[in-house]
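Data first, discussion second: the structure below is written as structure tokens.
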Amino acid sequence: MNLDTDIAGIKLKNPVIMASGTFGLDYARLTDPARLGAVIPKSVTFEARSGNPAPRVWETTAGMLNSIGLENRGVTYFVEEELPLWLSLGATVIASIAGETIEEFVRVAEVLSEVEGISGLEINVSCPNVDRGGIQFGCRPRLAADVTTAVKNIANKPVIVKLTPNVTSVTEVAKAVEAAGADAVSLINTVLGLAIDIAAEKPALGRVVGGLSGPAIKPIALRLVYEAAGAVDIPVIGLGGITTSSDAIEFMLAGAAAIQIGTATFVEPKTGEKVVAGIDAYLREHNYDNVTQLIGKARL
Amino acid sequence: MNLDTDIAGIKLKNPVIMASGTFGLDYARLTDPARLGAVIPKSVTFEARSGNPAPRVWETTAGMLNSIGLENRGVTYFVEEELPLWLSLGATVIASIAGETIEEFVRVAEVLSEVEGISGLEINVSCPNVDRGGIQFGCRPRLAADVTTAVKNIANKPVIVKLTPNVTSVTEVAKAVEAAGADAVSLINTVLGLAIDIAAEKPALGRVVGGLSGPAIKPIALRLVYEAAGAVDIPVIGLGGITTSSDAIEFMLAGAAAIQIGTATFVEPKTGEKVVAGIDAYLREHNYDNVTQLIGKARL
Amino acid sequence: MTERHLTQDKLEIISNKVVGDRFYRLTVRSHSWAKTARPGQFAHIRVGTGLEPLLRRPISIHGLDDRDAVAFLYQAKGAGTAALAAMRAGEAVDAIGPAGNGFTVDARYKRTILVGGGIGVAPLMFLAQAYRAKGTAVTVLLGARSKDCLTCLADFKSLGCQVTVTTDDGSEGHRGYVTDILEQQISAGPGPVAVFACGPTVMMRRAATIAALYDVHCEVSLEERMACGIGACLGCAVMTTAGYRRVCADGPVFSAEEVVWIG
Amino acid sequence: MTERHLTQDKLEIISNKVVGDRFYRLTVRSHSWAKTARPGQFAHIRVGTGLEPLLRRPISIHGLDDRDAVAFLYQAKGAGTAALAAMRAGEAVDAIGPAGNGFTVDARYKRTILVGGGIGVAPLMFLAQAYRAKGTAVTVLLGARSKDCLTCLADFKSLGCQVTVTTDDGSEGHRGYVTDILEQQISAGPGPVAVFACGPTVMMRRAATIAALYDVHCEVSLEERMACGIGACLGCAVMTTAGYRRVCADGPVFSAEEVVWIG
């Protein structure tokens, strides 16, 4: 079965991508990254960031909240220490960029553009867990567009802009970044949420508010993917709560050209591989030739 | 235990309210409405509305989508046929108003203001399942404020404005309706969502997009209630995914002065009564005198 | 609110067994359900105790085993029915009902023809029991993928029904659609005759068309996704000549003429 | 990526039984886990098969029953541990591990003092096994609400440990906190001595302070909410003198000096 996927020039052996912040090198002990379409390591900023106070994760019904706070060791560490390991494992790597200012996004993109082995860039203008940058860029079409333009000016690889669900109109933001030159959009990042630790009568997370992910948010993600795919002509990468190949196929039917898996990996580390196998089986069973035939098929 | 609750002059015997669109007269056969704080019957428009095509409901992981489309028999039927039955059952009734135009909201409020036995009005500027009105009012602070002012001008009862979660900033909308004279806000209405019926390779709902409710959305609702309670001085009524008394208490700790129960009733018709009992037990166990002591206790 | 008897009960499971390819037969003990239930009504059942699956599942009442025992016949399809299938004798099923209106049971009819497709056979057994108790002749036309529920055949026969089976692939009984033989059956005996259908929409629609052609009373039991199951949420609306009506409270049984067939 | 052995396995349940007030002892068969596991490591266990509860649960390795059998001791707290408690012999537990770093096991120590509070006793049994196998003297100080896990007492004793129990209410052993007797125990014999603590934060903090006072090596096993359990998500970070570190991959065992105690 032909699972070849091309996202604005990024060639993937299948449409299954591991979402940023959820798939670390340690998982290579339990599943084979070379079998996946691509891996997006945790977002990197220019300098190292130490992240938010504990607790950083909290389980909710069929979902989880996180407030990691973009903890990472900075772009130099990523390029020198982490990237080579991913490449040696045979992974296709898309790098995720975060920043507090447009300049920071650009500086990280600059470093990553000089490196071999990165297939594309995803700009994370949608992280809800930091005080500056992140979601603030993603919520304002104008700012999101400015980041996109700035990164596009410097980047020598396809640029995917990762959108936040926490907006009144995702289509406005999607159109703005498309106009600014984005090669693709991915959505959704986490949904803003909060939990109360009733035993302590306090907010559960150290930073009070966090990002909701997992099966609970799937219908929200599907709606936003459906809307975004109707609003822009660039490829849409869908994610949010995907745990099975059926889920992945639903996102593709709704208009996604590829999908990402986040939280489900925590539950079942082999989710990525299983979703690839499940898509393959579905296509055979329903007499498709090609995974691209699924894209947008359920759109009215 | 003292569970007396006062929402801007609406006196309730406890803070547990049955949410609009989810608690019909038929439930009186399985649970006693007189034991609840209040009941909010399905939103009424001026004329009867026939609603959306089937399927109108779809189960999702720990949640459900609905696209009922505000089907109702109009305000006259409500006043003449439905309200007397609720009152005869001993229920405290808050009436929910919907409309396509500000004039429609006002006309419904006018009729309801002339009637005895309605303790308050909830204006539903947040229904995602209609083409005109509904969420469009709720997403724009200015429109939401205009509806509020118009209804307040005519209404002779406390007015609660029900807010939508589908906005970038709930605090803006909450502040706008507070400034326009709202006596309280309630939130959240459903979160926009979509499901794909993979067997048919089509959108699951007849109207494609629907509103997500149930346990899945609880963290989203808690976040918005926490934010709204920090932004306004009027009482906040919290709802979204409440199925147990712990859930209800978490909303109150986050800042809600009362709570509503929707989807959980479908799962367990006696949820309302059970939540009342559970709150009572919690207060005793933790040596509270009064349910109002919980309000906002977990706020930092 | 009609004067129907409707309660929420924990019904003790007498047995819950496989009776065909992914078909299960569940029997529960309840004198009050056995006394008040009418053919065509259903139970709105809580499957599992957690929040996933969340909603109750509507399952028709299949019949009465005796004055204390109510039977259900269901097909394990997804997570909900799988959870139900995992329940064991001695445990209790949380059910709301008997819900819905039920089929017309009227001694005026000399003959009744019951048309069932797949799991649509479930409520027809209870209907056959009711008509046979009145001495009415009952013909059962069963359409199946292959041998879905052989025990049902025996049960219908032991009630004294005349049973004809059709399968799409001819692996059992006639080859073809169950409605192929309906015309012939309508005209095969004395009237008044009534047709009752439950199964896939295309089958019910076809049955309705044929019945209309012969001017014969026809009732169909519709399926729609449900949330409350009790008339409160308006989630299970179907289009009828009188506008949207609720499958759970105004149905599931509708006079065939009322139904506006879609798709 | 360290050179640790870490796999995902379906571990066959040998037994899963109540051994105290809401305490369960689970034993599974796995030669490879038994061979590679070190005291202080844990298994990241999938509880249930659905999406609710969603995340895996970290449970320490309690000890080895023999070279094929690995034991866990856990307390039924919420939905996840309840689901685990419902599992039966013959079924399989989906576990990732042995995860985490583990306690130092070093023959250099003449004596070790194991300080456990509540369910914190779980990993200490395995540690006691390891030190007793080296012939090291092991003193166990157990703090409990009341009689949480009496079988543990017998197990420690049969390993040849000296065991002292304290309870908050004096219902068993000494009345007071387990750390009350730590000072006396440290100075009660020859050195070098090492202290290993697992339990409530206040208890571990107190143990760490006392150990520091006597300049004795002390390790604590920290708890934090986890998602991946494998070092990928950075969800289980705790503050240390070297900045945030991951309980699941850099811990759960930390040298007491490293820990920045909060609250």
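Read from first to last, the chains carry the letters A, B, C and D; within each, the first residue is number 1.
Definition applied: a contact is a pair of C-beta atoms (placed from the backbone, for glycine too) under 8 Å apart; a residue touches a chain by one contact, two chains touch by 3 or more.
Note that the coordinates shown come from a computational prediction; the quantities given were computed from them, not determined experimentally.
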Centroid-based (C-alpha) most distant chain relative to subunit D: C
Between B-D and A-D, the pair joined by more C-beta contacts: A-D
Centroid spacing, where centroids are CA-atom means, of subunit A and subunit D in whole angstrom: 36
Whole-Å separation of chain centres (CA-atom averages), subunit A against subunit B: 34
Centre-to-centre distance between subunit D and subunit B (centres being mean Cα positions), rounded to whole Å: 47
Length of the line joining the C-alpha centres of subunit C and subunit D, rounded to whole Å: 56
Shared interface positions of subunit C, touching two or more other chains: 51-52
For subunit B, residues that touch 2 or more chains besides their own: 61-63, 215
Contact graph of the chains (line, ring, star, complete, other): complete
Complex contact set, residues of subunit B against subunit D: 61-62
Subunit D to subunit A touching residues, read off their complex: 1, 6-8, 46, 51-56, 96, 224-239, 243-244, 249, 262
Subunit A contact footprint on subunit C (complex, rising order): 51-52
Residues on subunit A engaged by subunit B in the complex (per definition of touch): 60-63, 65, 139, 166-168, 191-196, 198, 201-203, 208-209, 212, 215-220, 222-223, 226, 241, 246, 249-250, 253-254, 297-298, 300
Complex contact set, residues of subunit B against subunit C: 21-30, 42, 50-51, 53-59, 61-64, 66, 68, 71, 85, 214-215, 243, 263, 265-270
